[in-house]
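Each of the next two complexes has chain A plus one other chain: chain B in the first, chain C in the second.
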Partner chain A sequence: MTRDRLIELINQIFVDQFELEPEELTPEKRIFEDFALDSLDIVDLITGLQRKFGISLRDNKDVQQIRTLQDIYDLVEKLARDNPDLIAKLPE
Partner chain B sequence: MPEWQGLVPVGSDHISAAPVAVSPEISKSIKRHYRRSMGNAALFATLAAQQAVAESGLDAEILGNGRAGCIISSTIGSSSEVYESTKAVIEQRFNDLSACQFFRIVSHSSAFNVANFFGINGVQLSPCSACASSLQSIGLAYEQILAGRQELFLAGGSDEVTPIVLGSFRHLYALADSDELPPEELSRPFDARRCGLVCGEGAGILVVEEYEHARRRQAPVLAEIIGYATNCTGSQISQSDSASIEACMRLALADAQIAPDDVDYVSAHATSTVAGDREEAAAIRAVFGDRVPVSSVKGQLGHTLGASGGIETAAVLAMMRHGVILPNANLAVVAEDCAGLDLPTAPRQQPVRTVVKNCIAFGGVNATLIMRSAEAGA
Partner chain C sequence: MWLSILIYSLLVLSSLLFCLIFGLPYLLSLALPERLRGRVIRYIILVYGRMIVYVAMRPCIRVRFEDLSGGPRRPGIYVFNHRSSSDPFLVSVLGEEIVQIVNGWPMRLKFYGYFARLGEYIDSTAGDYASFAAQIRMLNERGVSIVAFPEGTRSGGRHMNAFRSGIFHIARELRLPIYPGCIAGNEEMPTRRFKFKKSGTIMVRLLPPIVPTEQDQFPSAYALKIAVHRRIRQETAKMDKELDDAVIQPGK
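And now, the complex of A and B:
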């Protein structure tokens, strides 16, 4: 999976779940301040990422450090590297 | 349409009770931040409350000054969300549930969602009592204001139709089911051929406000609440009885300090069930005889459950404004056990100044609200 495809899938979560416009989704955006998400939304974000990528995130301590969209891209990319089998199952 | 629509019980082709599909354009008029914690009942309540706030000329400063409250209730917080959650749990799909799922289900969901939407930070209550829910909400708002605890409330109720609700009524033989009548004629309060209720859904929200406070801000005053009472049978869970309904109306008349002859119209609960209409008719006959016109708008609207008190009170206010009593739709032949009442079958032009509004609910709960038109009270 390419990084672009991974970003596309993550961005789709923000469009579908949080009703954000695709053009708003630039890597430097801060998810709390710029997207006005709150702690309830973060629970849904974790659920959305888990469902989309088939990975377990609820107890991942790195999740608590997420501040920007870039942070999410980096975290999922790292998990993808660590779990190539899971990521390989994703639709291209 | 939700998948459970296919589970709506249909004993014959003549039962008409499908849930409303809320247009995305309408639901998305509520920002996602607020909408995420709303089931349909809370969404209906918020949309209705928007209309009430606009018509009353309320602003954020008044609603957020701690002297405004919110009392809104329903039979179940959101029965459609209860269904979705239960299904997910049974199928062990916990991770499919939204973080907001529980906020859609809890019994006071409509109350806190409306309070949150408008920034209301005073008293928030939700006296859930099935089909008496919203009239109890309005009555409780009246009592809170009389006690000086708040200056105004958004008060009323909301409800939605799902298999949990319809299946339960059907199981009790309380849902209308007839091969002989078209769907639009199934809800027929006080009629000899009545055979049960037809479910509706929606919300009815009113602004209940301390009189001088409303006058000072030059709010349009539609009517004055002059009396309220609620009681229960203490002996029934599936229906009320004529003795307790009569007692409830007499308590409300005493609270209003008026006599039965002072009343121009009784807005009955009458849901078109055999037992319910019989008991309420007997109670109204005992208090008012045949001197006061009586009708139930459930022939037109169906039974909107926990929302019915709010919606039907709004209908009463419209009747006051237009000087007309809405008839008992589909009343062709008055049932013997409902005889001895004045039951209009056509719109009746007359002053509608003082009105008794009843709601009756599972649990043997009764509630009676008495209103006087703004014109008569001025």
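And now, the complex of A and C:
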């Protein structure tokens, strides 16, 4: 599984759940300022990530540091590196 | 500046007159059980708001209310744009028992804050999501609608700030209709910049509701919030143009 595929899956959450346009989803975008997500929306985002990747982010301290899309890509990539099973289970 | 002084003077005079008329009902309401007292106070606030809007401001400003919600409204959540501190008064044009969600500081005001607390207004800065939802559920079960300004703070101009999501999560959770409301023409009121350069009219327009089954079509509260924001933004832009055109017409 390449990083590109992870990014694609993460972006799909933003498209499906928040109805954002794919072209808006560039790594430098700030999720609070540029997309107007707030703390309650982040709960939905986390739920979406957990469901999509089959991971638990409940106690993950890195979640609190998320500011940009890039941060989310990095976080999921790190989790994928730490859990090789995660990648195997992902939809192609 | 003189116009602002005039408006404020009328506001103070009306408030004094109102206190004289409603002083006794208010004092009697203090002896009532909390739930009944809240209802009485909300009606007193409603009459006060309408008096400010339709009597005190009338010599300077005409307020036009258009209800496009189509048919009888059931208790739900009114979502308004927020340009000016006059907005909480203007929502009295709805003519029904409402509770407003306000920031912490208005709740601490001596006069307005006192009545807001008695009327069970909701302080958005106190409590968490669960307590917030419980309060709204309780009020809604008593037939009380909620008025929210999800921008959180006044925009002070014709633009709209981003919405916060809380009220949209609650609407979906409690399955309450959302009534998008638009206010235009008051962005400079009450400030020293306010002049009769506009049409002297403030418009309040209520749009068709987004009922729970329609809300279900949105994949998230965020998507619902963005859609409501867009509807209000587009409508207020139209209303601004109508007001501007109304000013230009006579001088043609």
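Before moving on, here are some points about what is shown:
Convention: the second predicted complex is superposed on the first by the 92 of 92 C-alpha atoms of A that agree within 3 Å, B and C clash if a C-alpha of one lies under 4 Å from a C-alpha of the other, contacts with A are read in each partner's own complex, and residues count from 1 in each chain.
Heads up, the rule we're going with is that a contact is a pair of C-beta atoms (placed from the backbone, for glycine too) under 8 Å apart; a residue touches a chain by one contact, two chains touch by 3 or more.
Keep in mind that what you see is a predicted model, and the values were worked out from it rather than measured.
Once chain A of one complex is fitted onto chain A of the other, the partner contacts of A:Ala36 extend to both chain B and chain C. Touch criterion met: A:Glu19 reaches chain B and chain C at once.
When both complexes are overlaid on chain A, the residue A:Arg51 reaches chain B alone and has no touch with chain C. The interface of chain A with chain B overlaps its interface with chain C at residues 18-19, 36, 40-41, 44.
Of all residues in chain C, only 129, 162-166, 169, 218-223, 226 touch chain A in the complex they form. In the complex of the two chains, the chain A residues touching chain B come out as 18-19, 36, 40-41, 43-44, 47, 50-51.
Contacts from chain B toward chain A in the complex involve residues 28, 32-33, 36, 95-100. Every residue of chain A that touches chain C in the complex is listed here, in rising order: 16-19, 36-38, 40-41, 44.
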